[in-house]
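Same chain, two partners: chain A is paired with chain B first, then with chain C.
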Partner chain A sequence: MTAYKAFTQEWMDAWKQKIAESKEYKEIAKNWEGSVSITVNADPSKNVPQPVYMFTDYWHGDVLDFVICDEAKAQTAKFIMTGDYARWKQVAKKELDATKALMQGKLKLKGDLTYVVRNVKTVNKVIDILTEVNTVFPDEA
Partner chain B sequence: MNGYAGKFLGVDLTQRACSSFTLEENRLKKFIGGSSLAASLYLEKYNLDADPLATESPLMIMTGPLVASGFPGSSRFAVAAKSPQTGIWGEAACGGTFGPELKRAGFDGIIITGRSPSPVIISIINGQATISPADNLWGKDIYEVTNILKSEDKGLKVLAIGPAGENLVKFSSIGNDKAHFIGRTGLGAVMGSKKLKALVVRGNQPPAKANEEKYKETFKAAIQEIKDSAFAESLHLMGSDAAMDLGMMSGDVPIKNWTVGEDFELSSKLSGPTMRETYLTKAHACANCPIACKRVVEVKEGPNKTEEGPGPEYETCCTFGTLIMNDDLAAVIKANELCNRYGLDTISAGATIAMAMELYEKGVIGKEKADNLELNWGNMDTVFALLKKIAFRDGFGDFLADGSVKAAAHLGADALDAVVHVKGLEVPMHDPRGFHGMGLAYMMSNRGACHLQHATMGMEQGMVSWPQLFEMKEDYDGKTSQGKAMLVFNSENYGILDNSLSICHYLMYCLKPETIRDAFNAITGFNFDFKDFLICGARDWTLKRGINNLLGVSAKDDVLPRKILTPLKEGAAAGSVPDMQLLRDEYYAIRGLNADGIPKEEKIMELDLPELRNKLYKK
Partner chain C sequence: MAYDPDLSFVYFGPTKVIFGNGSSAQEVESEMGALGCSRAVVVTDQGIIKAGLLEKITASLGAKCVGVYSDIPQDTGIDVVNSASAFAKGKGADIVISVGGGSVIDTAKCMCILMTEGGSLSDFEGIQLLTRPQTPHIVIPTTAGTGSEVTWAAVIFDKSKGQKILIVESFNAPRVAILDPILTMKLPLLLTASTGMDAFCHAVEAMTSMQREPIADALALHAIRLLYKYLPQCIQNGNDLTARGQVQLAATMAGWAFGNALVGLVHAMAHSIGAVARVPHGIANGILLPHCMVFNLSDAQDVYAEIALALGVMEKGSTTEEAAQAAVAAVFAFTQKIGHPQKLSEFGVKEADIIKAAELSMSDGSIINNVRFVADASEVLEIYRKAL
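== the complex of A and B ==
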């Protein structure tokens, strides 16, 4: 199974493909509208010298843009999620539930929390699929 | 004494006499306040064998040192007594306005004994307490009586019972200013037994703080932590019912009297976001709370039309929603309003009706027994009629008014399997099959099944992380019993403190433990560290456990009901049940209980509870 370097365009493409292939996702996410950006804060000690910005976009079960972007583009997303590298790594490795991380303040969310709660099943599915991507993390390479 | 008013009010309703008394600082340092302080007094000064509704049994209303300080979430107060519902230690706490006003009126708490021959109210105005007739208020519902009392003085803070309390319904509640309720363990009936319709209070003298500058600094830190908290944001936006969608994902929400594991369509119609989009008119806050998690709702038209008023919490959206297969949020709001007016605990009332619906479906309860009501699932007209019948002890309502356990006991052993309770108290709306730690917490809670006398939910469901207090994981697997005994032990020792400090449980989840500790120390000058806090929590648990032991509780009572031990077929908790034996054995060892479930003598002395040792071990 191909391994992808985390937070690269190839890694995002693999994640996007897995979501697009999931029939379960398509059904669960049929009401979801809008983009989510993910910001990974820099952590030079873990080989993340600069912040990483990712822009992901979803529409009624379809997956649209899934790209590494700049800060300005990330700020245009409907939902902006921010966190330290170590936290995102825990989420991607299924060691930390993203919803719990939000409640504990380990990840930050900017956007309509009500919408996220109503669609928590969709959010969890996207993260679940992420954990299926064979990932090599910057501090493991 | 900093942080305390320094005086307690004693009221003997038989003698129609009011007096005040003080407590020594050492007792306050040991028990802090709230129900912990109440339990220490109950053990030492009252006859534990007396019936909960006997003249001599006390009704104790207690605040804590943070109350009236202005600190976020410091609006709480506790009411405690021997429970008429369970026959063991009973307590409930709520926010609102009464606690801070009582402190400002010059009292840290009130102990009421005796029984008036006719209905009365107690008025406490700036240190002066009087007892006056209330014949004109008897029979009125909580909203009516509160409106009447406030029409005389808008600034009065009111604590009142409704018809359910007057009629000694075993799960009757007490309402503060129509919006905040002392719901659990039937303490409204204790008030009713004393012919006490209401208390009103007004005061303007907050207690002094030990270190005003340090307090201001801590207050600022607390406000910032609340601003940064996603949990606080979710409470403000969606109230406690934010838990509905999240809970359905994790297997936390009970459905159809605990027999179904998943129904997203049902939960989406009853959830916090739905309430916000449909019936919410505004958010409401308890005194000194920047979050405002309380819902104010109005159903403007239709058969479930209500006036604008307090909206249902998550628990109520379950008991009158998912638990009885009702998907109409307007009907939940109506049921909530009826419970508020009659003075019924929404958890026990809904759970008792759910049990009746199941037994009706199984043919154990026939239509004739049910006063010709059709008790089919989701029939809200029947629910509305039943709530009234329960409150007024009319016919089938009278049969249910002593709670689900006693009602089912009359119907035979099989009927008891439809009851979901621990120690006689109906289980709150969090399913231990999804979260085994919660199962243990229900088993060991001193008032019977309780989701609030500990912080198990916050810790096990990952809403909080407090590694500075004790060793804990960031992300617990709910569906395992391994390691949960230690989690529950720790969560009790810290979580209990919200009651003795009298600070909101939710605020405890939003604030760093350091901030709560610093506020406590700035207000009282006690200079506690975390270890002192956790010892106070352990002392509280052990004291109440010892009282319960004296009231007959033993290891045989530390059990989960059959439904919780029956796996679900679907949903996030499918196939999972708590390992009751493992949980209990590990917990007993950690907590220092002997095989009979009694605290060991050395543990009692380690926690400096000599009075309890003398009574339990007959020294």
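== the complex of A and C ==
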């Protein structure tokens, strides 16, 4: 299985493809509308010298843009999620539940929280699918 | 449902609690001083003022009370928060003291953010966006049920969107909660029963949440004990200050429990039937709780057996299953004993409403924490039908 370097466009393409191929995701996410940006805070000690900004967009079960972007584009997303590298790595490896991480302040979310709460299964499914991508993290390379 | 072998959690409950008859007037000024504050804005509503619950508190504060903002409606909104914050800033306030129920407390929580950070409340819509402590907030609750005095979430209506927004911030947990049972003596019977069942439900659901953990369990279990013993006494005699006080403490404990462990199916269904048919939240919780316990029975037997033991309804020598069933039966009987409404139809709910609400429940975030996996809306509809 091909391994992808985390937070690269190739890694995002692989993640997007897995989401697009998931019939279960299509059903769960049939009501979801809108974009989510993910900001990974810089952590030079873990080989993340600069913040990484990712923009992902979803529409009624379809996956639209899925790109590495700049800060300005990340700020335009309907939902903006931010966290330290170590936390995102834990989420991506399924060592940390994203809902718990938000409640405990390990990740931050800006946006309509009631919408996220109503559609939390969609959020969890997107993360579940991410854990299926064979990922090489910056501090493991 | 034993704890996960790799149990991992964060328990957060930073609010200092002061309890006692008359404590609101006796302690508020010194608590304010202990927080290093000298200029308080008191936030309340007209009902509290008319009931005469505010006078002793403002008298105790004296010149340290620089203003009273009392224009808080039952369902507070962003415009209310903006107006109240502007009022507090104009008075040079350095602390907010809320005296009231959930709407007043949530308004005050959001005022603290705007007084510290400035800007508009919509900038803070989300979860854990703040990075520093906010303007101090002392809560003096006048109801016993929501647990809002120790939780760090606020629900505010956004007129422009026509929906409620949710703000969850650990940095905005109230610094102090002063529980004065005297302030809850004038609560009408139905409100006493429904807010009490709201607290009971917080406790039971925290114990059967997928995010269950031992500290929250301990708080929830004792909250259940206290409510089971003292809520009927409050209903029988609203002036029983001992009972009022124990119920108030139970609501606070249940607030800590569900604030950390979250809630499940009952809340998903109560939110949904509230949205579709405007059934008040506490009442919906009280009606639905025992029916949801029946649904969850297969997956929560050991927890319900613990509850049976706490309620004193576990027969000697009974199996876990028998004890769990006894707990469910006891909760059904309890709601009758306190005169709580039994059927959703008493609030005008129709079959068409529960069909809509069942669908809506499936997309409510609380449902994912429920101990028993809910596969589809037909399972939820079946529970609603039993409660109709």
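Note that the second predicted complex is superposed on the first by the 141 of 141 C-alpha atoms of A that agree within 3 Å, B and C clash if a C-alpha of one lies under 4 Å from a C-alpha of the other, contacts with A are read in each partner's own complex, and residues count from 1 in each chain.
Going forward, a residue touches a chain if its C-beta (ideal position, glycine included) is under 8 Å from a C-beta of that chain, and two chains touch if they have at least 3 such contacts.
Computed from a predicted model, the values in this text were never measured in an experiment.
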Exercise. Between chain B and chain C, positioned on chain A by superposition, is the outcome a clash or a fit?
Worked result: clash
For this session: Classify the contacts of A:46 with the two partner chains as first (chain B alone), second (chain C alone), both, or neither.
Result: neither
Exercise. Just chain B (first), just chain C (second), both, or neither: which does A:105 touch?
Worked result: both
Exercise. Is A:121 in contact with chain B, with chain C, with both, or with neither (first, second, both, neither)?
Worked result: both
Problem set entry | Touching partner for A:18 - first (chain B), second (chain C), both, neither | neither
Problem set entry | Partner chain(s) touched by A:113 [first = chain B, second = chain C, both, neither] | both
Seminar exercise, completed: So the chain A residues that chain B and chain C both touch are 99-100, 102-105, 108-109, 113-114, 117-118, 120-121, 124
Exercise. Where on chain B is chain A touching in the complex?
Worked result: 228-231, 233-234, 237-238, 242, 245-246, 249, 264, 268, 271-274, 276, 461-465, 474-475
Seminar exercise, completed: Note: in the complex, chain A contacts chain C through residues 31, 80, 99-100, 102-105, 107-114, 116-121, 124
Exercise. Chain A touches which residues of chain C in the complex?
Worked result: 9-10, 12, 125-129, 161, 163-168, 170, 211, 262, 363-366, 368
For this session: Could you please specify the touching residues of chain A with respect to chain B in the complex?
Result: 90, 95-97, 99-106, 108-109, 113-115, 117-118, 120-121, 124
